[in-house]
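Take this structure first; my questions come after.
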Amino acid sequence: MLNWLRRPKYGAVERRDIPPGVWAKCPKCGATVYHRDLVRNLKVCPTCGFHHRLTAEERLAVTVDEGTFEEHDAGVVSGDPLRFEGYADKLREAREKTGAADAVITGLGAVEGSRVALAALDFAFMGGSMGSVVGEKIARIAERAVEHRLPLVVFSASGGARMQEGALSLMQLAKTSAAIARLHEARLPYLSVMCDPTTGGVTASFAFQGDVILAEPGAMIGFAGRRVIEQTIRRKLPDHFQTAEFCLEHGLIDMVVPRPAMRATLGRLLRFFGAPRLPAREAVAAPAGEAPADGGA
Amino acid sequence: MSAILPERDRAAEARAQELEARLAELSREIAGLRRRGEKEQLDVGRLIGDLEARADELRRELLDLRPAWQAVALARHPQRPKAQEIVAALIEEFTELHGDRLFRDDPALLAGVGWFDGRPVVAIAPRKGRDTRENLAFNFGMPYPEGYRKALRAMKLAEKFGYPVLSVVDTPAAYPGDAAEERGQAEAIARNILEMTRLRTPIAVVITGEGGSGGALAVAVGDAVLMLEHAIYTVIPPEGCAAILWRDAGRSREAAAALRLTASDLVALGVVDEIIPEPPGGAHLDPAAAIAAVGEVLRRHLRAAAGVPVETLLQRRYAKYRAMGYHEERA
Amino acid sequence: MSAILPERDRAAEARAQELEARLAELSREIAGLRRRGEKEQLDVGRLIGDLEARADELRRELLDLRPAWQAVALARHPQRPKAQEIVAALIEEFTELHGDRLFRDDPALLAGVGWFDGRPVVAIAPRKGRDTRENLAFNFGMPYPEGYRKALRAMKLAEKFGYPVLSVVDTPAAYPGDAAEERGQAEAIARNILEMTRLRTPIAVVITGEGGSGGALAVAVGDAVLMLEHAIYTVIPPEGCAAILWRDAGRSREAAAALRLTASDLVALGVVDEIIPEPPGGAHLDPAAAIAAVGEVLRRHLRAAAGVPVETLLQRRYAKYRAMGYHEERA
Amino acid sequence: MLNWLRRPKYGAVERRDIPPGVWAKCPKCGATVYHRDLVRNLKVCPTCGFHHRLTAEERLAVTVDEGTFEEHDAGVVSGDPLRFEGYADKLREAREKTGAADAVITGLGAVEGSRVALAALDFAFMGGSMGSVVGEKIARIAERAVEHRLPLVVFSASGGARMQEGALSLMQLAKTSAAIARLHEARLPYLSVMCDPTTGGVTASFAFQGDVILAEPGAMIGFAGRRVIEQTIRRKLPDHFQTAEFCLEHGLIDMVVPRPAMRATLGRLLRFFGAPRLPAREAVAAPAGEAPADGGA
């Protein structure tokens, strides 16, 4: 189990290297806010509601019941199968910068007392790109969900396939889809949560294969990149294009759920879909300061 | 599963650049000679013949040195046999089916039924045009979501009757347009890939030209994935890769090599099961022979699949895709 | 299966027309009295009260004589409890699901999940608005194909988990617009009806307002089809029927009677399984009581279905629909 | 077996009451043509290709292999369950006018040597409207197809549900759909052919439930009526709207097949889908004068 998961509160979002009193500026509305207050607000701008990105660690910290997360396959790490120029260096840099082994954390845990298999992608690690490691770990956690008859919850945040692994990264779309197909055939629930941004190969595989698909407000969601589309159609796209709200209108996702309501919404859906419950003595009360569990948009 | 590939040869790349420079020079010389011959009424035919023979030699050497970029060029060659020609040549009594039953018939994706090797099959194929008019009609081989949904409908028909699916793949990409996004391009591809991993009937795929990323994979999950010798299959076009990595689309050749997108690379990586040899110089020089070769290999694979119980087939298919990729394990 | 219904009473229709004329007269008298009272500062309250009591008497008689047209009026009453209110009141922890995953989220069709009678259920419901703004947003309760496709997606989710489907039906029609036709309104309805006949989980339907033809049936095939007392269910709106038969939409009342669209007619015809009584005067006068009655009957039917093996359920469902209709056989 | 089905040729389309030498005028291009020539041309205008409507009898005559048709359920006839004003008279008139019992003929036969279950709707009989009889006969022939493991071919031509049977006619959508569902679950092929016009309840049930959906050129196909739509959207609709070709573009049907190619196209599809074949000695050559079997659009 990772260190930060032992922390008692949503304060787990806080980064060790930021001293109290530091200000953060919202990239959307420009408001400045104490970093500490931003963190307390689950990194949602108190002024405009802008959702700052979370790392995989932070995501799990604000989602999983305290003390219940058990990481799996932490030792699965990337090689450089194509000997792709610069890839080894990029991997090293990303590991140093983020402290993570690759772009996904997977494991078993509980959300609001429901036992689940979990995965969280990390955009901070090489843009959350899906190479063999992300594919392998998603496939394994889906298989583990089948084995233990648990629901699967995946938080996606990814720029797409990791081109430095060439066609092997493309094949992760098929590998993860095959594992998700087995989950569906086992009649287990799969909740997919799209966070900012979820694009490319991840959308064209597991992110769009959920029984229920949720998204955070304002998250960019789409297959092709905005620039490529603009070059193709020779027009500027509206700001609204490829946002979570746009996808909701176009019938592609089930709901847009603000971060403070996400945990309660997942909990409600997991209970609905019959997730096994933690024994009562293990169930943990929602941490102090949590937003009321009043559901999504 | 796949081992790490050997490093590429940097000396070879230097030699290739030298060859390209000399080819460009030769081409200028030939053009100059021709102009002079016309102006001064000289017989330069023989001289030009010699220079062209020399250029051919250099091109062959270049092909050996830089198979990736040559494959890109050949895979995109305008005279390369088109998916619809392959379908028409191989499938008897072909009847095209239209529409996704939801929104639109996408001409960029051909679907239909007919007979192959004496058995009924369902065929799907993204389709490029043979001329400008067709290219516009077929959207340069780039399907919309409705194209993928039509393909899925055809595959479900195959599943209902236990007929094999034959997928012929030559597409640069799923269409990257705003309307395609609005109608769920990602969802359509994701759904096809998932359904193909569990479709209860044999699927044989042959990549005949460009295997362009998710847009290709959406019709390319199969029990047998075959590839014409000079076809390519890649997660991103080399131009896009170069633009992202080096902010220089001019370095596409390097990117092509780095991406390991040739048939032999993909066999080495465990992504493709078998290479179908092309006629000397490429499929466009003898389309009939190329198509016959495709037919022969497909026939062998479909015959082999015909005897396999569907549960076994599905387990093998799962195991095959489950094993794709390369990672290491730390304690 | 159904026997031929008894002939309608022509004397009753004549009496009804007489009553209508007298009601119109009474209404004029009351208005006149009121004007005079205001002008001349007279106390006409008691007189008006008497006349209104008389009008109420006549209306009650009319309701008995012409239940069909009264049902049409009550079924369309703007204060009638809305499907979304019924869902919200009966289903705990309701979570709305959106979208057909293909084209658009249709607000005219509500779909979602939640708990009913202590068990997880999936709910679907065409939805009318409570005011002009909502009516515009919900397209006056007339779904597009994407609405029906969203409903089907929700039902498939129910099937996957073995949860019952609860369908609350109040829709004048599937939307008759050009875009709806282009996107396959008929296909969407046909698909839903077919899939509902074989959906491997219990389906309970309650028609609470207007059951408008194919647009209603697309979400109304079920093991139990229930109907609020004053709801209607018809193959064509009475106005349309009158226009076609007599080229006179003014004869809608006759058409309403001829179409046999009331709950008791439909039980007699074997189309509806049970009538849910409404509060005196109609559901709009006491929505909470009406909703509670709906809940009680649904609870009983879903509890009964819960114990039945799915194969038995499907055989019964087939037999039920297979028997609907009336024909004769000649040697 | 009906009388006209014993006739040797496509001449079966001919009506007994029209003497040779009579002219017919094409409602589309206005060309006049000998009625006899029009009949020889399968009632397709030789000048503009306009497809005149066929009765159910005519349809079967131009489709089914000579001498192979065996009618079923001819004795299933309409009652007047609602005692709907004027219905009994209308039924009587329609029977007298058309000589048919109701708006559909069903039975078993062969098409190009493939054994099939068949149904043909008759627009001439009360606008091909589907009441209990049409629903019952479609359900029975679908069940018979399952019983004999035969493909089903249905030619639709209908204005929709028969309102004189009220909700009972609406329920025929469910009844026929239930029977078609069983056909699909038995993995038997179902070819739906839409002829002019196919609208309303028939489109919202069996006509759109085919494995393959074919249509005749120019056939009007749609759920809502043109006038109702124009009143709703307050615009005029283009001529093209709701034609077979329009439906093809919009992905709703598989192919538009001119009448002279329909039999060959059905034959090809039936062989493809593994229809049982007539024993060779029973197989009948295509009647003289048939168009070459070169397939559909």
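So that you can tell them apart, the chains are marked A, B, C and D in the order they are listed, and the count of residues begins at 1 in each.
Just so we're on the same page, a residue touches a chain if its C-beta (ideal position, glycine included) is under 8 Å from a C-beta of that chain, and two chains touch if they have at least 3 such contacts.
Predicted model, so just to flag it, every value in this text is computed and none were measured.
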Furthest chain, CA centroid comparison against chain D: A
Selected pair, greater C-beta contact count between B-D and A-B: A-B
Centre-of-Cα separation between chain D and chain C, whole angstrom: 33
Centre distance in Å when chain B and chain D are each reduced to the mean of their C-alpha atoms: 43
Intercentroid distance (Cα basis), chain D paired with chain A, Å: 54
Interface hub residues of chain D, defined as touching at least two other chains: 184, 208, 250-252
Residue list for chain C, restricted to those that touch at least two other chains: 101-103, 183-184, 187
Contacting chain pairs - touch in the sense defined above: A-B, A-C, B-C, B-D, C-D
In the complex with chain B, residue positions of chain A that touch it: 75-86, 131-133, 135-136, 139, 161, 163, 165-175, 177-182, 184-185, 200-201, 203-209, 221-225, 228-229, 232-233, 235, 237, 241-242, 246, 250-252
Chain B to chain D touching residues, read off their complex: 93, 95-106, 113-115, 120, 146, 150, 157, 160-162
Complex contacts: residues of chain D adjacent to chain B: 184, 187, 189, 208, 211-212, 248-255, 265, 268-269, 271-274, 295-296
Complex interface listing, chain C residues touching chain B: 101-103, 145, 149, 183-184, 187
Residue ranges of chain B in contact with chain A within the complex: 2-8, 174-178, 180-187, 189-191, 193-198, 213-214, 217-218, 221, 233-236, 240-241, 244-245, 254, 258-261, 265-266, 269, 271, 317-318, 321-322, 324-331
